[in-house]
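Once you scroll down, you'll see the structures, which are given as structure tokens.
Here come two complexes built around chain A, the first alongside chain B, the second alongside chain C.
Let's look at the complex of A and B:
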């Protein structure tokens, strides 16, 4: 609302004693406010320079003609000033990866010295390197006397990077505290509304993982993405995959699930079934949740019920392949309630749910399918601490029930505390493996990642 | 360097298409196809549709469609002819009538699309029927013939000059004005574009107006080349949609090489080589149309090469 992406229904924003009411991001920029969004905020089909100055082209327009050269020149100067020399102003933005496009967004949001920069869950989409770059510019903005509103679910990051922290719960203001006066547990309590009792992560250490191999991955290569990946997944094991964002770990999840194109090598189940396509994977009790939840996991403009029932329709159909509405509804309700999805009812559209509840819908879908092998790519990305705890506990319970899980994550803490084994990817290949150990530190993982 | 190699590759692919399509028919029917004079003739014929296609490209890049292209060309040509001959305004009347009519049709298309909030295909299909009826009302059921002394745009150098002025204009609008940037921005992600302060509805209407204006220019070339225009009804004007639309597909396919306008012009040339090739072969019209359609679909499929897994709608 502060940047005009959503309209204000009541209340107002006051900046330097003056009410601000932007209707879009350009108006917000003119008021000295900018935003770096969680997902991709640059537009394909435009150059880097056009993206940086989108909505502000008038400064380069004379007699209706855009001075592209002047625009590129200024964009180049800005990119050099920010230290992003490898990005060329005149290149199409499509030539750059997600991380570089985020760097362009940093320039776009901050080059005009805004008084307030909103950084909205941006770090969850960035590798450590990208995060450090963002932190550097957040510090610069603060040192120049301006402010950053840093929105994040990552508590250590919030505590480390903020001066004051405001906690919201279910859209309601809860409290504002000084970061120096609180710790992670205090924040969790404020966020969840109660003491976070019981385990947050799984607590066991030293438990032996079954020797039974449920999935074997041999010499899996996806040209340009991953190279010669080999591993076994055991029954009841949580196997973690870590690395930098572009390390190839996300492609491993797709490759295992039969969703990669031009995949070489083999993915074999314990009964000898080769997994070469998504339908085969689903038919043989495999499940997959994508990092890109909105585009690849949920069907946004369909109901919660439809989303949960989707992979189970064959099981729910009668002998002549007709579906019974009541049966579908009851199936959806059962698993939505099991996952405690916050909803009006299962007819509600998924697009109206929060990120955490969308993820619960995705998990409800696969629990309903009773999948034995789950590939979870960034399962807690961008969701609040209460839902995170629910997901961690669910994973722990599934593990105890003999389900096997591949957990791909950019959050080192959850990898360290949830996995029996962690495989670290670097430059598309396996670069190391670590066993579950209470003494494991983030540095031991990072040293293999970079 | 990257951009140069990209567009260079695009030009090479297009050149290859020209050579392959020429060679194919030249081998089969060496005597009555593909002489240098004939090739110039095919190129000139291609310019007509390319003039409309470069405008229509603005609509298609934004993710919209226009089924009233043929009706627009027909109506604009008739109005231009009426202005030129019946009102005695000569060339000025021809250009003014055609372009004004094209712009008005584009404006009406855009406004109806925005206000009715229904898909552009449906809006423009409905409006095409109205434009056909209007053309029939203005021109009657008889052919509107352009006087022979006003057909300068139907031959060299008039047609080439008008077409290249249109291409230059489209190129400038696309690459050197805000309109071009916003066209791609809206086509890429309308929601984000809106958040950037772009008045999306305004630019969508503008895209239809630009398209209409260029189709108006195309109607000048069409009636000058063919010398007359008959108002048809019952959606028969839609047969005129095909060639400019295919040219536009060339533009969309070669957008990634940064040369959509050039691709439209050369693409229309390729379409005409194939078309005249079939005429030289004496193939029946139905066969010609089937093979032309298939050939063009193959060309676009091969040149588009979407990334594996990319969702194409």
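Let's look at the complex of A and C:
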């Protein structure tokens, strides 16, 4: 809102005693406010330099003609100053991966020394390296006497990087505290509105996983993405996949679920079924939640009910393939309530739900289908603490019920605490495997990732 | 599970917001039906009851539009468009008229197959070659229009007397009602409708939920072409012969009819099968009413354009408008 992406309905922002009311991001920049967003904030089809100076091209215009050379020169100087030498100002932004584009965004948002920089959940989309880079520049901005508004779900990160913390819950102001005065549990309490009781992650160690293999992956290769991946998934096991976001681990999830194009190698279930397409996977009791939740998991502009029933429609139909509206509704309600989705009713559109509730709808869909093998890609990405805990507990419960889970995540903490076994990916190949161990440290994982 | 700490103030606020949205939705749902009644009454008053007394004449063109718009309705539900319907109708009508000299059943089957084959061409380029549907179908529209002109260059293709003798309101009405009834049941009470809506509302997510989206999209174009083949049969018995303008502008008429019926252009979960019925009736009454009023074709087109624009503005689902494929 402050940066003009949304308009204000009432109230005002006051900067240095003056009211600011930006109508768009460019106006906000002129007021000394900029933002780095969670998802992609760069425009494809433009060069790096054009992205950096988007909306401020006027300063390079002479007699109505844009001086591209001057723009590129200044952009190159800025990139060098920031230490991003590997990015070339005149290249198309499309040549660079997600991480590098985020770096370009950092330059874009901070080169003009804004008074306030809003960093909106940018870190959830970044790997460890990228985060370090971002923290460095946040610190620099602070040391120059300007301010950073850091919006994040990641509590240790918030505690570590900020001076004061304001907690919001469901759009309502709760409290502002000094970081030095509080610990993680205090924050959780403020966020959830009550003490977080019970276990957060699963707590058991040393339980033996069954030897029964439910899924074996052999020589799976997706050209340009992953190379010769082999592993077995056991009954009742939570198998973690970790790595940098570009390591190919997300593609492993798609490949296992039969969703990759040009996949080579085999994915075989215990009964010998080959998984080569999504419908086959679903028919044989597999489930998948995507990292790209809004595009690949939930059908946004459709009701919660339809979203939950979608893969189970064949099971819900009668002998002549007719569906009964009441039966669908009660099915959807049953599983939406089981997952305690916060909604008005099941006719509400998924697009109106928060990220956490969307994920609950997806999980309700697969629980309704009674899936035995779940591939969960970044199941807690961009989700608040309360729902995260629900999801962790649900996974633990499923594991105890003999379901097998593949959990792909960029968050090392949840991998370490939830998984029986963690496979670390690097450059599209398996780079190591770790067994569940309370003594495991983040560094041991990171050393395999980079 | 947890998370039952709902804040009272905030939840009531949310509810009023949602109520506002749902009243808007119900207004949108009722508007086409109310419009249909209003337009019908209006024209009866303006023509001093001539419309009621000549109802069968007034509705003579509704059969073709109603049947053909059902196929386009399925396509638009999954977020596609089809501009080739008029040309499909023209070409299928030529096939039916030509073959009617030999055998009526053969003519009907071949007419439907012609439609399906053209639909398959549309579907192939849309799905396999990944070209946007409106570009593909505009191309086939021009291509087939050329073919129709070539086939009818010397003389219109006339149907046999057997074919023309079939023309009766009873047959046309029965055929239309049967087609619509099948369409309604399949769309509303089988997974077919839900899957189509899911593709329109979020194709990628639909794919990850196990729907064979590509196959579905292809088959929908084949089906739509076949349905238009049936409409071509109705058209043939009505007009008896096909000229170079056979089926001209049917595609636009269908599009206007569906939008008048309250169909969101981007498809998705908000479509109702009722859109087909209300829309084609509303369009037909509007057109024949304006004709009975003695308006020139030019003025009629102008009025239709204005009405179309108003309805698009009312029914455009702005959140999902960017997903027309």
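Methods note: the second predicted complex is superposed on the first by the 449 of 450 C-alpha atoms of A that agree within 3 Å, B and C clash if a C-alpha of one lies under 4 Å from a C-alpha of the other, contacts with A are read in each partner's own complex, and residues count from 1 in each chain.
Following the convention adopted for this analysis, contacts are C-beta pairs under 8 Å (C-beta built on N, C-alpha and C of every residue); 3 or more make two chains touch, one makes a residue touch a chain.
This one's a predicted model, so the numbers in the text were calculated from it and none came from an experiment.
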| item | value |
| --- | --- |
| Contacts of A:45 with chain B and chain C, given as first, second, both or neither | first |
| Touching partner for A:209 - first (chain B), second (chain C), both, neither | neither |
| Touching partner for A:64 - first (chain B), second (chain C), both, neither | first |
| First (chain B), second (chain C), both or neither touched by A:78 | neither |
| Touched partner set for A:278, first chain B, second chain C, both or neither | second |
| A:182 touches, of chain B and chain C: first, second, both or neither? | neither |
| Chain A residues touched - chain C or chain B, whichever exceeds | C |
| Touched partner set for A:91, first chain B, second chain C, both or neither | first |
| First (chain B), second (chain C), both or neither touched by A:54 | first |
| Doubly contacted residues of chain A, that is, touched by chain B and again by chain C | none |
| Chain B residues touching chain A - in the complex, by the definition given at the top | 2-3, 61, 172, 175-178, 180-181, 184-185, 187-189, 192-198, 255-256, 258, 308-309 |
| Chain C-touching residues of chain A, taken from the complex the two chains share | 169-172, 192-194, 257, 259, 278-279, 281-283, 288, 290, 295-303, 306-307, 309-311, 313-314, 317, 321-323, 338-340, 342, 344, 348-349, 351-352, 365, 386-387, 389-390, 393-394 |
| Residue numbers on chain C that touch chain A, as the complex places them | 1-7, 10, 14-15, 18, 185, 189-191, 194-195, 197-198, 200-202, 204-212, 268-270, 317, 319-320 |
| Residue numbers on chain A that touch chain B, as the complex places them | 3-5, 23-27, 41, 43-46, 50, 54-55, 57-58, 61, 64-66, 68, 90-92, 94-95, 261-262 |
